[in-house]
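Two complexes are shown next, each including chain A; its partner changes from chain B in the first to chain C in the second.
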Partner chain A sequence: MGTEWGSRLRQWWSTPVARALLALLLMIAIGFVFSADGAFFRWSVHRDMLRQVSVFGILACGMTVVIISAGIDLSVSSLLALAAVTFAWLTMPHGWPALAAIPVVLAVGAVLGSISGVLVARMRIQPFIVTLAMMVFGRGLAKVISGGRKITNYVTDADGSSQVVDLPEIFGIIDSRVLWGNLSIVTIIFLACVLITWIVLSRLRLGRHIYAVGGNMEAARLSGVPVRLTLITAYALSGFFAAVAGICQAAQETHGDPETGMAYELDAIAMVVIGGTSLAGGKGSVILTLIGVLTIGYLQKILSLNAAPEATRLMLTGAIIICAVLFQRERE
Partner chain B sequence: MSQCNLGEPWRVQMDADVRVAADRHANLRVIFKDAQNSSLTQRAQVEELVEQGVDVIIISPKEAAPLTRPVAEAYQRGIPVIILDRQVQGDQYTTFIGADNVRIGREAGKWIRETLGGQGKIVELKGLMTSTPGQDRNRGFLEGLELDGNPGLEIVFSGEMQWLEPNARGEMESALATNDEIDVVYAHNDPGAHGAWLAARAAGREEEIQFVGIDALPHEGQQYVQQGILDATFLYPTGGEEAIDLALAILRGEEVPKHVVLGTRLFTGETVAEGGRPIR
Partner chain C sequence: MTAAGCEPIRIGAERTAGNPSRSDPVVSMRGIRKSFGSVEVLHGIDFEVLPGEVHVIAGENGAGKSTLIKILSGAYSHFTGRLLVCGLPRRFARPSEAVEAGIATIHQELSLVPSMSVADNLFLGWEVTGRFGQVDFGLQETEAARVLQEMGLDCSPHQLVSELPISCQQSLEIARALTRDASVFILDEPTSALNEHEVESLFGRIRELRSENRSIVYITHKMEEIYQLADRITVLRDGNLAGTAAADDLPPAELVRWMVGRDVTPVGGDEPPHSGAGGIALEVEDLCIAHSVVKERSVVEGVSFALRSGEILGLAGLQGSGKSEVLHALFGALGRRATGRVRLFGEPYAAKSPQESVEQGVVLLTNDRKSMGLAPDLSVTHSVSLASLSRFCGHGGWIRREQEGQAVQALTREFRLRAPSEEAPVRTLSGGNQQKVYLARCLLPQPRVLLLDEPTRGIDIGAKADIYELMRAWVGEGIAILLITSEMEELLTLSERILVMRSGRIVAELPRSTASKDSVLAAAMGASVDEEQR
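So, the complex of A and B:
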């Protein structure tokens, strides 16, 4: 009996989820030690960490899908900025209702993502190059739409006079909290994105195709997987999630900033990798990414609570990414 | 007018200031160039302006070293060169106009010390501390606060937000979580102060805290003051208007100073409508 449990435990311990969880628990334990005079034991600190990490987490959901397909998406940070600017532009100076603006913004993200997908799938350009180009293009487009400055509720009319309009209600709704102030809406949006990604990857045929294409594209093609369509859908999903993140970013900043989200794609990739999803493709899951997101979120929160200098933060973050990845590999 | 990077709102404002000042004089025509954050592009643009035979070059250089030579060559060919904000090496230019971040930080520190009456808990949200403006705004601030002579003042939290609003919000959440009492937030730029205000509002503590920023761009910091989000912001002047004034003086053949240090302006709820209160 005892040995059976023991072997089961050993078996569970060898799964990627268990190893990722252990890394997360270790991180939380570090938080208990460096608790900043007990601040770490208050739920509000965890709630704020979850809020701060949500936008990154939403990007990481799309990144997980693309990475499992053996690709990479560097454009998510720019598509986030583009979505933030477009959302602010439609709702504030143009006064669109939120219910009209949100689908348009999400569609913009999905369309630009699928353009990357087409270039990867049909033109056979490397994902790194395609999405690097889309990253530059998207940032440029965000600057064109915004005229290079933040789009705020300080609106200039056609006759040149400026006035402050009320911040659209939707901004306040997204940047609010539920459950008696204990959970941010953006965190719920993040968890919803995790759920959508989980359904796509684990419950839909599309998910099996994504794993197959990422594992071995030629084998997938021979066994009848629609490789091109699968890849295009993967990048479209990533663009879609980037747009979701952009709406959340705009709501939390109360404006659309064309410069926002610079280099967020690197954080998103780090979160996916720390969770244990391999950059080689074909393996991994969004649950791992969720754990990776929390691990980095806690790391950043602990460093921030203890007011660690930026240089220390950068070095520690780099070191911990390497440790986490080594830790993932050792027991494989 | 050779601008190093129109991707930054403050530099967009600099060009706008030059344009507004130049438009007051019918006999002035300004050619604007944007080097898009590349020293080599800017170098080529300076050379183009020389070839075009302009009367005065105004340049806000991206970096000192790569632009020193093209600027010197223009100067030696008899074209007056006005340098804005960032220096070049040596003295082969006509005049330099720049603001002093140490001084602005000092004014912010002094204002906070006086507003608090020498008694209070302060949060400092710093810009990139590997950048000169970040270091200067921190150094001047500490000088202005005079912590040694005011034992009642205390910096209870100091975080690096790297000029970025989302980071400032996260840092402020940490500050709020570790401190039950905060009287003033001093952020090295207005977006940082705005991010801090958003964090305080989410915690229901924005009324008990004063928020102070730097830069005071018309569409940004000044608006935040107008809306009652920030309590004070200090202008980081672009020098665009002064550059046109000096250009005219040079063209009239007058002697101009080699080095012009710009003052700042304080924007508070009372002074924002009249364009801020000049400090010295």
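So, the complex of A and C:
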């Protein structure tokens, strides 16, 4: 009996989710040791950590989809900035209601994402190059729309006079907390994105196609999988999630900044990879990404609680990414 | 690199005392056990290789042949038991250590670098270098040309490997290993993608090596190969040693009994496979296929034939005759490279994409499972259901997983698939079981026309018998099968008619009654053999 449980435990141990969880537990244990005089045991620390990783986590959801399709999306940070700027621009100077602005912003993200997808799938340009170009282009577009400045509720009218308009209600709603201040709306949005991604990847035909295309594109094609459409949808999803993240970012910053979210794509990639999703494509899951997001979140939190200087923080993060990936690797 | 291994012993004229006979084993494995996780796959195997012998390892898929070989070749370092090479206890931590000990391995799967030239691949890892470590490309190329000629390979040292047909690549893979100076050569199903000529030159080379007192460990499923080559045969069954015997002492029927543990009727018997063919399923008229690079040249020209429901139509020809391309074209996988008129059950059918073909009930099984068949990390269930997901999908593409699982399970049971579980990634399955997964994928969409390119590649005898039985059943249900196989016996017993292709054209149609190995080969190679052998 005991041995049966032992072997079952050992089998479970070798699954990717178990290994990712172990890494996360290890990180939390480190937090217990370096608790900054017990600060780590305060509930508010964990709550804040969740809120702080949420925007990155939303990006990581889309990134997971694209990476499983054997691609990469470097443009998410720029699309986030573009979405933030567009959202602020529509709601503040133009005074659009939130219900009209949000769908438009999400559509902008999805359309730009699907343009990347078309270039990857139809023109057969490597995803790295396509999304690198989209990253630069998107940042430029954000600057065009914003005129290179932050878009705030300090609005300049056509006749040159300036006035301060009320911050639209939606900004406050997204940036608020529910459950007696314990759960922020941004975190709820992040968890909803995880759920959507999970449904897409493991319950819908689209998800099967994404895994198949990422695992062996030719085999997928010869099995009748619409390879191009699958790829385009994957990048469109990533653009869509980037737009969601952009709206959250704008709400948290209470303005639309074309410079926001610089290099966020790298954090998103790190979160996906630390979870154990391989850049080679064809395997991984959004559950792993969720664990990866929490792992990195705790790492950052522990470092900041212990007042580690920026330089140390960066170096440690780099080292820990490598350790986590080595730890994740499947053994013979 | 010297022929390490036993060279010193052999040269040392009369052996030192205590090391007497000439037939000391080069390799001796005793009580080998190997586990993956908590599952033991080898339960104490004894295996010996003598100098200058061809030792065949036979056994069904999953019997443990590849695992045993991987221990010997250094791919697995964790096992229990003793491994002696030339009398010295060894435990290879990595393949390169085995190579240094004089054990060269040719794996079933290709391990060439497609973007490098033939010569570069031949010398990969043991480049000829000058004084400053620079590669002597000139010398490598002359040497490569010599090797290619010796192996009867029709390609130039400058050519990129990716430009070569798959049979040529496999010959090259073998050539690469055989040119190394080793005392033991391990060949794991080397002929699965070779044509008859290439097989013959390979066998010639193997006999040469044997006469040089080198040993060959040879894994194969093909009966005729076993008895053409083997000095001794070791049979594995379910991770156990079924026995070792001299080839002369082990008649085929007995060998099969050792392998399967029961009596099996060999290659499907003589009963005609058809159920009385029905109406015309697929009518092809004037099919032409352009060369993939040089658009003006064509690889297939003016091919016309009709395939009836409930018929197995064999398509024969040497490698490069265009037979595989015909299958790909009918499947819509070649796009605009293919032209011609095709009618499917009387309806005009312009196969524009694989997706459309699958929807129309035309399914292709390619001859390259690794690069065109399976995604290694997909689970068994997901791999099998990939081509038929629309059957299991509700609104919005939501998959009814229970229904999917049941359908897949029913099929894999019919195929007698051996897998750790339905959720296991296909890369953890043995080669033969991967092939079964691939075949099952093609069957699940309930096709009307099956295009099969080497369906039994890498499958053991017992499983082959299963597949033949299944094919009969499918034909009985009215499925039309267009079959390519390099195993002549399979082609002759299964096909109702055989079309023979040469240089992109159909040169003969042989009914079952008159077709023979000789007549098919004669047609495939042309009246005068020396005319053109490709």
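In this section, the second predicted complex is superposed on the first by the 330 of 332 C-alpha atoms of A that agree within 3 Å, B and C clash if a C-alpha of one lies under 4 Å from a C-alpha of the other, contacts with A are read in each partner's own complex, and residues count from 1 in each chain.
As a convention for this text, contacts are C-beta pairs under 8 Å (C-beta built on N, C-alpha and C of every residue); 3 or more make two chains touch, one makes a residue touch a chain.
It should be emphasised that the depicted structure is a prediction, and the values quoted were computed from it without experimental measurement.
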item: Touched partner set for A:Glu259, first chain B, second chain C, both or neither; value: first
item: Contacts of A:Ser14 with chain B and chain C, given as first, second, both or neither; value: second
item: Touching partner for A:Tyr154 - first (chain B), second (chain C), both, neither; value: first
item: Contacts of A:Leu206 with chain B and chain C, given as first, second, both or neither; value: second
item: Contacts of A:Gly282 with chain B and chain C, given as first, second, both or neither; value: second
item: Comparison of chain B and chain C by chain A residues contacted; value: B
item: Contacts of A:Asn216 with chain B and chain C, given as first, second, both or neither; value: second
item: First, second, both or neither for A:Arg42, with chain B first and chain C second; value: first
item: Which of chain B and chain C A:Arg228 touches, first, second, both or neither; value: neither
item: Contacting residues of chain B [partner chain A, same complex]; value: 6-7, 9, 12, 128-130, 157-160, 162, 164-166, 169-171, 173-174, 177-178, 194-195, 198-199, 202-203, 219-220, 223, 226-227
item: Chain C-touching residues of chain A, taken from the complex the two chains share; value: 7, 10-11, 14, 203-206, 208-209, 211-212, 214-216, 218-226, 282-283, 332
item: Footprint of chain B on chain A - complex, ascending; value: 36-37, 39, 42, 44-45, 48, 51-52, 55, 143, 148-150, 152, 154, 164, 175, 177, 249, 252-254, 257, 259-260, 262, 300-301, 304-305, 307, 309-311
item: For the chain C and chain A complex, residues of the former touching the latter; value: 37-38, 76, 78, 331, 333, 354-355, 357-359, 364, 366, 371-378, 382, 385-387, 389-390, 393, 396-399, 401, 425, 441, 445
